[in-house]
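Next up: some structures, all given as structure tokens.
Both complexes below contain chain A, partnered by chain B and then by chain C.
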Partner chain A sequence: MYGKGLRPLSIATVAMLTLSLSLVFFYAPLDADQGFIQKIFYIHVPLAITALIGFVVGGVFAILHLRSGDSRWDAYSYVSIHMSVIFGVAVLITGGIWAKASWGHWWVWDEPTLVSFLIVFLLYATYYPFRYAIEDRDRQARYASVFAIAAGAFVPLNFMAVRMAESLVHPRTFGTANGGLPGEMMLTFLCCLTAIALLWVTLVKFELTAKSASGQVKRLRRALDAPAPGASSRIAPEVS
Partner chain B sequence: MNAFAAILGKDLRAELRTLQSLPAMTLFAVTTFVIFRFGLDRTSLSGSLASGVLWTTLLFAAVLGINRLFVAEREEGGFDAIRLAPIDRTALFAAKAAALVVYLLVLEAIAVVAFAFFFLDSAAALPPLLAVMLLADLGLAFAGTLISSMAVNSRARDLLVPLVLLPLVVPLMIAATGASEPLLAAGGPGYERFGTWLAVLALYDLIFGLLGYAVFDFLLED
Partner chain C sequence: MFELLAATPALPLDEAGKYVAGAYIVFVVLLVVYVGIMAAKLQRIERELRELAGFAESRANGEKAAAEPPEKVGA
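Moving on to the complex of A and B:
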């Protein structure tokens, strides 16, 4: 049931990623200051934006779960957060590479966006031990939703607080007084953002399909009285 | 309102009679100051160092109290009683948060005075610091009550509160230390961005207060 539309979606994602990467390398102009290394911007920033939106989307699914009591929404919320955490690792790694190349250090503390992202990432990293600590499935789903909602509200609050505490080293790419990005860069960036967002959606859908398939297999095995091979995950919600 | 007063009264009475949390919290805080004295090898502190030491210690001491906040409810069947009682469940959230604010104020009354004796040259910073602490306590109480009520029903109770709460209160600590740093500066209290930081603290309180109000019902269902 979750597999519906997965193939066209995957094809669209691959096509969009290919298009975006070719734009990055063959169309977008070299940055005057940073040269070639600036190209990582087209991967790093879309990944970060997608991860953050994914966290908030996980919170919205959690609200739906609490309102309806339908455990499907919990699975959606879990998979969204799971995928965003994975994207978050990629953001921290690409961010580190970019920081090393352009500022000379792997990590820069007086830089609000980096620090905020790290704090948000650390908070969401506790989502797994948090789920793992609660045994009862229903309660686990409910508590996880409360966590996801609280953390979703925390994301903007945290960005505000960290930004106020800090100076301004990070490139404010958008909405700065002197104009932001030139046209070609902006177009490339938007393409990359779309591609990465599509990638996120596709991966979330794949994960849900896989979970639903293994849930069905498990139910069939139970119906046949065959023992399930290996232990199933205690954290991930079961999908019907 | 009656339920709120009853639960809060019960909590404070129980704490007064058993003294489970408060002595441990204050002792922990004072001992931590002694450790900082040797760890930093300083006999007096000011500015960012002072506010960092003070707030780190208070936060970790608060975690001790937050860990134990719902233990009696769970072990003595208080959750079932609340579920059976014809009252708004939010009363439990509000009463527990209020009890936590009281604990934190008592903790600060002792720990901050000890801090001033140990490390500060003058007590001029203490009155404005009280405003920062009131707002920070409120936020800590809301977030702490929310996490504690979930952690108490898990297997890793004592582990989960520090694990989840610490990242969650980072913005609160940023604002609290930001406001305290000029207050504790070497040349007497300053007030740079004092109002802004208080506004951030108040915003945090508001968000987590509303959040607790909105979701606490779901935590009590069974």
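Moving on to the complex of A and C:
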């Protein structure tokens, strides 16, 4: 069910990533201020935008779960948040590398953009222990959905607060009406953003498909484990 | 902080290249690690499915044998 359309989506993602990397290194001009180091922008910013939108999407799926009670939406919400946390790790590492090259420091604590992203990341890092501390499946899904909605609402609020705060060193990517980027850079950036967003969707679908297959195997095991007439042996316990 | 920025102009290509390569390699490594973990999960699912298929077949054979009438001796 979840795997439908996964193959064309994967092909589109690989094609888009290839095109984006080609544009980054062979088409986009060098930045007048930062030079070659600015190429990190094309991976760091799309990853950050996708991760933050992914957190909000996880909250939207959580609303759908609470409204309908359908566990499918809870799976969507969980996987969206899970994937965004992984993207968040990539954002923090690539951002650190860029900061070291650009500012001479891996991390700047008095910079609102960096610290606010770290807060959001750490908030979502608590989602896993919070979720898995609850044994009952229904309660676990319900509480996790409430968490996802509250945290998802915090993300845009946090983003707006950071935009309003005075930035010390971190550039405002779209600080001006036209984004503050020349045409070639903007085109390259939009291609990279599309590629990373496609990668996020593909990996979410991939993870959901794997989870669904694992769930189906468990169901099958339970069904086969039921004693049949004339059968004395029972199946081995589930592999965890 | 502004003094710091003023004192750190754009890095030369040979210096900047290492950082840019590092950032992109981190992205690729994370992707490969994730795909590796997913591949391990899929292998486990495949192994469990094979085990379940074997069990279902043996149970079906057992039921079939139980349903067949016993052969007459000397017929």
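Here is the rule we use: the second predicted complex is superposed on the first by the 212 of 240 C-alpha atoms of A that agree within 3 Å, B and C clash if a C-alpha of one lies under 4 Å from a C-alpha of the other, contacts with A are read in each partner's own complex, and residues count from 1 in each chain.
By definition in this document, contacts are C-beta pairs under 8 Å (C-beta built on N, C-alpha and C of every residue); 3 or more make two chains touch, one makes a residue touch a chain.
On a predicted model such as this, the values are computed, not experimentally measured, just so you know.
Participant: For A:Ile11, is the partner it touches chain B (first), chain C (second), both, or none of the two (neither)?
Facilitator: Neither partner.
Participant: Which partner, once the models are overlaid, touches more of chain A's residues, chain C or chain B?
Facilitator: Of chain B and chain C, C contacts more residues of chain A.
Participant: Figure out whether A:Ile93 sits in contact with chain B (first) or chain C (second), or with both, or with neither.
Facilitator: After superposition on chain A, A:Ile93 lies in contact with chain C alone.
Participant: Going by the contact rule set out at the top, does A:Leu123 touch chain B (first), chain C (second), both, or neither?
Facilitator: A:Leu123: touches chain B, not chain C.
Participant: Given the complex with chain C, which residues does chain A contribute to the contact?
Facilitator: 31, 33-37, 39-40, 43-44, 47, 86, 89-90, 93-94, 97-98, 100-104, 108, 110, 168-169, 199, 203, 206-207, 210, 213-214, 217, 220-221, 224, 228-231, 235-236, 239
Participant: For the complex, give me every residue of chain C touching chain A.
Facilitator: The touching residues are 1, 4-5, 8, 10-13, 15-17, 19-20, 22-24, 26-27, 30-31, 34, 38, 41-42, 44-45, 47-49, 51-52, 55-56, 59, 62-63, 66.
Participant: Please give the residue numbers of chain A that touch chain B in the complex, ascending.
Facilitator: Residues 66, 119, 122-123, 126, 129-130, 132-135, 139, 142-143, 145-147, 149-151, 153-154, 157-158, 160-162, 164-165 of chain A touch chain B in their complex.
Participant: With touch defined as at the start, can you tell me which chain B residues reach chain A in the complex?
Facilitator: Residues 143, 146, 150-151, 153-156, 159-160, 163-164, 167-168, 170-171, 174-175, 178, 196, 200, 203-204, 207-208, 211, 214-215, 218-219, 221-222.
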